[in-house]
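Next come two complexes, and both contain chain A; in the first it sits with chain B, in the second with chain C.
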Partner chain A sequence: MRRLSLVLGLALIGLMVAAAALSLVWTPDDPYLVRPQDRFMPPSWSHWLGADRMGIDLVSRLMVGARTTLMVGVIAVCLAIVVGVPLGVISGIRRGWPSQLLLRISDVMFALPALLLAILLVAVRGASVATATWAIGIATVPVFIRMAHAATLSVMAQDFIDAARSCGASRSAIALRHVLPNIAPIVGVQASASFSTAILAEAGLSYLGLAAPATTPTWGRMMRDGQADLFLTAWPALAPGCAIALAVLGFNLLGDGLRDQLDPRLRELG
Partner chain B sequence: MSLLEVNHLNVWFGRGRRPAVRDLSFTIEPGQRLGLIGQSGSGKSVTALAVMGLLAENAQVTGSVRFDGRRLLGAKEAELAQLRGRDLTMVFQEPMTALDPTMKVGRQVAEVIRLHEESSGRETRRRVIEMLDRVGLPNPGRITDAFPHQLSGGQRQRVVLAMALMLGPRLIIADEPTTALDVTVQAQVLELLDAQLAAHQAACLFISHDLAVVARVCQQVMVMLDGAVVESGPVRQVLSQPVHPYTQGLIATARLDLATPGARLPTVEDFYAGGQR
Partner chain C sequence: MAVAQTIVRRVGVFVLSLLGATVVVFLIVQALPGDVAQATLGMAATPEQVEALRERWGLNRPAWARYVSWLGGLFQGDLGQSYLTGQSVSGQIGPRLAVTCQLVGLSMPIAVLASVPTGLVAAMWRRRWQGVVTSALSQIGMAAPIFFVGIVLVVVFAVRLNWLPANGYNPLLGPAGFDLAGWGSHLVLPVASLVIVQASLLSRYVRNGFVEVLAEDYLRTARAVGWTKWRALVRHGLRNAALSIVTVIALQISAMLVGAIIVEQVFALPGLGSLLLQAVASRDLPVVRGIAILLVVVVLAISLVADLVYVLIDPRLRSREAQ
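Right, the complex of A and B next:
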């Protein structure tokens, strides 16, 4: 049963990655080609999921959109990990006032929704996928600071840390050789969970028109365009909506599965 | 000059709390083995951690600790790190938690070398395997590549001992090194510790609540109660002619061979009313 969520999650994400990779070399149709005669065409052999108001093939557009979604997710989560985890670990090891200040700042950032931050950034830098990625990444940093901080505190309370110190390990040696390997599983699980949040945030920003320009195919943008024609045909909104839901589900299942796999207590029982 | 000199050591956690260690003074000469006995909460482990400089950040410490003439209390962390593992090492009570679960055993032992000496990878590995062999681990080549959870408690404690002995320290602080082990393994590990201390001519601060164990390893003994030393002297003298009622109680309760079957067993409180606090 626990295996199931891992396998299902990996399968969904694998499908998404495969579609994105395939779109680099092949799509069923040109994702930018307007065919007025195919406007609002329901699913058929020529358009598997139908065509949108411009007559553009939805499958092709979804595949290209997967690239944007994945890229935004990967870059934003990597940014959050690279910045957040070291800060969290350091604040967990050195508990002076700078660490306290850092934690309070990250609390304040927690309270500020990603969307608000994104609107702020967009106002300054203009709407683009890059801006959206930055905004999502920055908004995710405090999540990793808190998580890494808490995990570091619990690792630092373990006997083997005292043992390492009694062998002459410095703080930095302990951070690199003992703390990081021990919190890595938790970071992995959090990364998976944050990935799904990032995908949702990107879709939301695109939907609001704060991310990609209209010409760039993204799932959120497609949903927004599809929504306008919801009374004529459901497919242009339904297809990207399902894609988003499945991607989020995939990363959540992966996170759950990873957590179960990595928790040694659960592993022993299974 | 004494190897370790502790003077008027006081440790307390938080303002207004009862101190965990009160006005503790003792010395350890090179090669000498000092036992530290007391019940849980008497301040034994806190003393050990204070000497190592490993107390939690909320601990307040006064007094002085000198190792080989160098001040340890208030010394810079980097300075302490140089001493720890090389001249001054510690064996922990719980072998189950004293090893990092994510690191192979051989690498953990090798860390001690890596932190203090320049040594090639192959040379380090050779020394690690040799050391694991010396602490009586079977098939040391295979054990270096094992993770802690693949070893038994006794094997892990031998690994911990190997780490402590690796660089031939001058003082080993052993904090209840055999308490978590079953009796037969306990005897083996004690024998090993005894032999290795003799071989290295290392001094030892041996912490235990077990009189028999201390009698076996140490020459001198201190009895701690509520953070203060109530009695100290040569092991033989303290065990045969205890002066403080608490020590008398401890010894009486340990002598099960003198108990009459069916009669009520003696408790420390029979001798010392303040014993249970």
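Right, the complex of A and C next:
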């Protein structure tokens, strides 16, 4: 039963990655080809999920859109981990005033939602996928600082750290050999959770028209365009919405599953 | 005594965070490359015109001086003037804020009220179909982006059933007088979208709050003295669940505001979010900055209140502070 969320999560993510990878070499139809005669066509053998207002095949566009979603998520979360985890670990090991200052700053940044930060950056730099990715990544950094800091504190309280210290291990050796391996699983769980937040943020920005230009197929943008024609057909708006929800569900379930594997005591919760 | 100290320290952190937030917001908006005045007037403008506009917007002064005067204005409730209309930013925000407040103010209590029974059901029967179904529904509600929820509601209730308007806003006291039906019918779907997303998340934490209590010794004791499982869980679990709710509300308030911004876009409501997006589109930086700082103040203030409420609900925290 508990393995179910891990398996289901991995299956959903696998499906998404496979669709994105496949779109590099093959899509059912040309994702940019306008076919006026297929405008608003309901699902059929030629268009499995129907066609949008331009007569473009929805399945093909969804597959290409998965690439943007994955790319933004991977870059933003990696950025947050690469910046946030070392800062969190260092501030957990060296508890001087610079660490306190860092934690306070990350608290302030934490009050700034990813989407608001992205809107601010877009106001200054103009709308693009790169700006959106940067904004989501920067907004996720404090999450990893806090998490890594708290996890490092609990590792540092363990006896084996005292043992390592009395053997003469330096601070950096403790950080690399003892702290990082011990907090790595928690970082993994957090990365999975942050990935779903990043997907939602990117979709939200695209939906608001603040990320990709209209020509680039992204799931959020497709919903924005589809909403204008809701009274004619719901498919172009609902299909990408389902794709976003399934992707987020996949990463949420993966995070839950990983956490259960990590800490059996948490299995009751969940 | 200890409580007072905690409160004073927490308020101090709040004030410092607030100052920090003003710096962050100012710096981001300040990082604009190029010349705003030139960009606004276009290439045909003479250097004298550009210079006059720079003078009028105060762009000739050094950044720190502009920050100080902006901060000074903030304390007096003055957010500056819009580049676009020349109107005061606070005057523009006022009526928009009213709409957003109605949206969030209606959704939040409903979401909390909805999350307690669903969380209780999910905890009580967590191995039976009732609990599994409730948990699965809350997973789906958490995964669906809020604009997807909104669009599904529009498809069902506006397009198919034609019961409610698909978008738009109708003030309670409009030109046609007091219009409760018009006001309500336009707010049902936006509020429902926010409630569905927020209640899904909240009910998960409420459920965990109840499940934690299920494992406690005092619950076994309560059962042993003859309380029913329901009575024991409600009597002992509610306070624990309340802690979860306060924590999550504090963590989720920023998500809630962001959700409101998006929902306003889905339903074309004239709230803070749509003003913000208009200002972004026209690069009206004082308006963007004003709304951003307002949202951050709200987030920080709510987390302050949540921390204080936390101390009041949880006696353990009080004694820990005293030690």
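One rule holds in what follows: the second predicted complex is superposed on the first by the 263 of 270 C-alpha atoms of A that agree within 3 Å, B and C clash if a C-alpha of one lies under 4 Å from a C-alpha of the other, contacts with A are read in each partner's own complex, and residues count from 1 in each chain.
By our rule, contacts are C-beta pairs under 8 Å (C-beta built on N, C-alpha and C of every residue); 3 or more make two chains touch, one makes a residue touch a chain.
Owing to the predicted nature of the structure, the values given are computational and were not obtained by experimental measurement.
S.K.: Is this a clash or a fit when chain B and chain C both end up on chain A?
M.R.: They fit: once the shared chain is superposed, the two partners occupy separate space.
S.K.: So in the superposed three-chain picture, is A:Asp107 touching just chain B, just chain C, both, or none of them (first/second/both/neither)?
M.R.: So A:Asp107 only meets chain C here.
S.K.: Just chain B (first), just chain C (second), both, or neither: which does A:Asn252 touch?
M.R.: So A:Asn252 only meets chain C here.
S.K.: Considering only the touch criterion stated at the top, classify A:Cys167 as touching first (chain B), second (chain C), both, or neither.
M.R.: first
S.K.: Decide which partner touches more residues of chain A, taking chain B and chain C as the two options.
M.R.: C
S.K.: By the touch definition at the top of the document, which applies to A:Arg95: first (chain B), second (chain C), both, or neither?
M.R.: A:Arg95 contacts chain B only, not chain C.
S.K.: If you stack the two complexes on chain A, which partner ends up touching A:Gly204: first (chain B), second (chain C), both, or neither?
M.R.: The answer is second: A:Gly204 touches chain C but not chain B.
S.K.: If you stack the two complexes on chain A, which partner ends up touching A:Val124: first (chain B), second (chain C), both, or neither?
M.R.: A:Val124 contacts chain C only, not chain B.
S.K.: Minimum CA distance, chain B versus chain C, superposed model, integer angstrom?
M.R.: Result, nearest C-alpha distance in the overlay: 12 Å.
S.K.: Would you pull the chain C residues touching chain A in the complex into a rising list?
M.R.: 13, 16-17, 20-21, 24-25, 28-29, 31-33, 139-140, 142-148, 151-152, 154-155, 158-159, 166, 208, 211-212, 214-215, 254-255, 257-258, 261-262, 265-266, 276-277, 279-280, 283, 285, 288, 292, 295-296, 299-300, 303
S.K.: Can you check the complex and tell me which residues of chain A touch chain B?
M.R.: That would be residues 95, 158-160, 162-171, 173, 177-178, 181-182, 184, 264 of chain A.
S.K.: Inside the complex, what are the residues of chain B that reach chain A?
M.R.: Contact set of chain B toward chain A: 49, 52, 54, 57, 77-78, 81-86, 89-90, 92, 94, 97-103, 111-112, 115-116, 149, 160, 163.
S.K.: Once bound in the complex, which stretches of chain A touch chain C?
M.R.: Residue list for chain A touching chain C: 104-105, 107-109, 111-117, 119-125, 196, 200, 203-204, 207-208, 210, 220, 223, 226-227, 230-231, 234, 237-238, 241-242, 244-246, 248-249, 252-253, 268-270.
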